[in-house]
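Chain lettering (A, B and C) follows the sequence in which the chains are written, and residue indices restart at 1 in each chain.
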C-alpha cells in the first residue's frame, strides 16, 4: 500500500465533490512577527494593537494575507500538486479577521471541470473556504488550475464552467464587526491621503524594491505549510531554479504598496488575479497600483477602494501588456482587490 | 584572566562529573512559528491546538525536536566545543511535552571515558537531561563525542565504556499524560494509514526534497543557542564551507517524513543515530524511512512505531551502505527512533 | 497629488521642529524568538523568564536592542531617507524595559542644523524618543546625519550645533525597577566574571565569527520596519550590493560579545558610536571589547561597566585606527555603551 500522496489528477475530480483539506493550523504571535520580517509590511492596523483598538477592533488581527496563505496552503496537496498552471482567482472575500490563537482549516468544492482539447490536461474550478475553530468562514475564494491527467484514456467529464463575477460588488464586501475610521490617526498611519484624495484611474508607483532571496521565499512558503516541491527542491526543474510561490509575490507587492497606499488598511475582496510570469531568487520586485473604483460602506468613516496591484521585476512603472495583449515579460502579478480606507 | 570560554579538552573530564550547562531558555509561540518556517513540519498535533485537544492534550506542544535542539544546544560549550566528531546517541527518551512558556535548561553527567590509542583524542560519553522550570526532566539521552586533548602529556584516564541499550524497550517509553488516539481524525491529520497498515521491514520514500540555504540553517542553529563556530563562520574551515548542524538535518528529514508518515505524530524515543556525512548549503535533502518495529502502549488507541529515518543528498532511495559496510557518501543521517501512532 | 513619501531634504528641517514618526508597533513573543534566531544572543536575562525573575524583574524583557531598532526604524522615513551618512550617536539611554505586548512609537526633535560648505548637504541633529503605549519614554538618543539638499538655492539655516555629552554620566543611567543582582546565578549565566574581575583598559577578543547572509539582514531590518531602499534593493547601488543596516552589525557584535562578557546583561547607555565602514553579505563579523570605565549603581549588587564594542570583518583583534587616525578598512563599528553587571 503506497503511503505517500501522489496528488489528484484531472480524472479524479467530479463537480460537487468536497475536499476536506488536512492539517489545521493554529496561528499566533510568531506568525505575526514572521510576516513583518518576511515582508516590508507597515499598515498600522496590523502593526499596533492600540491603532487597531482606535479603529474599533479588540486588537490587531493577523495580516489578511496570512489568512489567504494558510487557507491556500492547505489546498495544495489536494488541488495543485499535479497542476501545470494556476489560472485565476475570483469572488474572493475576507469574512472575518483572523486573531492570534485562531486555528484555520480549509475545504474546497469542485465547481467546474473542462478537459482541454489536447486530452492531456483539464481545468479544475474550486471554491475554497477557510474556517476558524468556531466553524466561522474567515475567507473564501474561487480558483481555477490546469491539472494533468494521469490516465489519458479516462473519459472527459461533462464540461461545467462556473459563471464567476468579474468583480465582487462593493455591497457584498464584509466588514469586520465594530470597524470605525472616524477617529483614524493619519499621522500614526503614515500618510495623509483619504479615499477622497484618490481618483479613479490614478496610478501610483510605489518606488521601493526588494531583491528576493531563496531562504526568504522558502521560509514564507513553509510557514503557510505549502509544500509544493517546485518551491523547495532545486533539482526538481530542469533549469535548477526554484519557482517562487505566487503568494510570496502578492504579499511582497501588497507590503510595498504601503508607500502611497498606507491607508488602504484592510483587504476585504479579491476580484481577480494573474501570476503573469514566474519569479525567481535574484529578481528585484517593485510594485505599482491603479485605482479602479471607489465605494461607500455602512461602517462609520470607512470607504472601499478597488485597486489593481501590479508587481514587476524591472521595466518601467505602469507598463502592463504588450501590443499583443499579453503581459510584458517583467510583469509578475496583476491583482484586482478591494481594500478599506478612511473616507 | 582570560574571559572567553576555551571549551573543555579530553583531560578535563572525569567519570561522574556533572556539568550544569548555562543559559536557560524560555520557549514560546515565536519558537513554534519559526519551527514551521524552517522545516516543512505538518504533523497535526503540533500544528493545531484543537487537534491536540482532540488527542487529550491541553493544547499543541512544541515540536519534540525543539526540546532536543534546545537541550542539546546548551551542552555545546561544555561538551563539544573541542569535539572532532559526534559519534552516537542512545537511550534517548522524551519524558514530558514542552509547552509554550516553559523554560529549559540542561545538565550532563560524564558516564564514560576512553582515550584513543593515538594519545591525541578520546571519547567522552555523557548522559544529558533537559529540565523545565518545575525541575521535571523533559528529555534525556546519551551522546558520545571524540574530543581533542590539549595537554598530550596528561595521563589517560581509566577506560570506562558505558553499557548502553541498543534500543529503548517499548515498555520504557513515556507517553504524555492524557494522550488518547481513539477519536483521532485521519482526514485532518492528512493520511489514512494507522499502525496496522505498516509492516515491519516496509520502506517509504518520502519523495519531497528541500535545498538547503546558509541563512536557514544558521537561523535554526542560533535559535537553539548552539553557537559552535563551524556552523556560522565561513573562514573557520579551510574549504570555506559552513558545516550544517546535524540537528538541522534531523528536523528537515523528520518533517519531510510527513509524506507517508503523517500519523507518526509524537517522537518519544531515540534509539541511536549517526551523522553519516556532512551537509552543506546547496545540498538537496530527501528522506526515506524503514519500519523497524511496532509495539502496543497503555494509552487508548496509541501504538508505537520504531522507524529508521535516513536523510540523503542525492542517490537512490533506500541505498544506505556500500559493500564495505560504510555509509554511502550521499547519506547524511541514519536515525533510529520511536514515534506514537494511532493503532 | 503625489502619494509616495519623497523623504525630507536638508532645507525641510528647522531647529525645534518635532517629527511624529508613523506606524506604531506592538512587539511580542515572535519578535523575541526572531531576535534569538537572527543573532547568537545568549544573555540569560533575555533568554529565561525565571532568570529574569531571580534578578527582580517580572519576566524576561525584549532585548534592549529591539527597543533601539524599533524606535530607530520609525525615524527612517522622516530623518534618513535622503541621508548620505549616519554620523554619530550620543546621550542614549534606555529608560524602561520593553515587555512583550508593548506598543512602541517614536518622535524626534530637531536640535541642530549645519549646512556644509559645499552647499549641497547639511548635518541634521535630532533627539529621538521612543514611547510605549502608556506614553512612558522607553529610550532616547541623539543622532546626527548628513542629508542632501533638494533645492540648492534654499538659504542656509542658522548654524546650531548642540552641545552633546561625550559620555552619559553613570549617575544618570536609569535602572529597571526592582533590579537586584544579589542572588545572581553565574553558572546559569554562563561565565564566572563579575565587575570586579574586569580592569579598566582590559581588552577581550570575543573569538567567534558569523558570516552574514542577505536573507538574514533583510529579515532583521524589515522586522524593525526600517525600509531604507539601500538595504533591500540590489539594483539601487551602482555596485549591485545591498548595504547592511548598521544596527544589524550592532546586534551581531553585541551578541558575539557574550563570549567574555556574558554578565554584561543589560544595555542602559549609548555614549557614542560610529559605523566605520560598510558591511556587505559575505563578510564575516567578529568582535572585540575594551573596558573603558566601571561605576557603582544604587541597585543591590548591580554595577555599571562602560565598554567599547568593536565589530570587524577580518584583521587582527584590537586593531582600530591607522597611523592617519582613521578607522582601519576592516573595522565596521566602534560603539561606546554602558551595561549592567553583577558587582
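To be clear about the criterion, contacts are C-beta pairs under 8 Å (C-beta built on N, C-alpha and C of every residue); 3 or more make two chains touch, one makes a residue touch a chain.
Note that the coordinates shown come from a computational prediction; the quantities given were computed from them, not determined experimentally.
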How would the subunit B/subunit C interface be labelled, same or different, where same requires over half of its residue numbers to be shared? different
So what angle, to the nearest 5 degrees, turns subunit A so that its CA atoms land on those of subunit C? 120
Per the C-alpha centroid definition, the whole-Å distance linking subunit B and subunit C comes out as 36
Got the subunit C residues that touch at least 2 other chains? 28-31, 33-34, 213-216, 219
For subunit B, which residues count as touching subunit A in their complex? 28-34, 36-40, 42, 44, 47-51, 60, 187-191, 193, 197-198, 204-211, 213-216, 219, 259-262, 282, 284, 314
Residue ranges of subunit A in contact with subunit B within the complex: 1, 3-5, 20, 22-26, 28-31, 33-34, 77, 101, 103, 105, 133, 213-216, 218-220, 222-223, 225, 227, 229, 232-236, 242
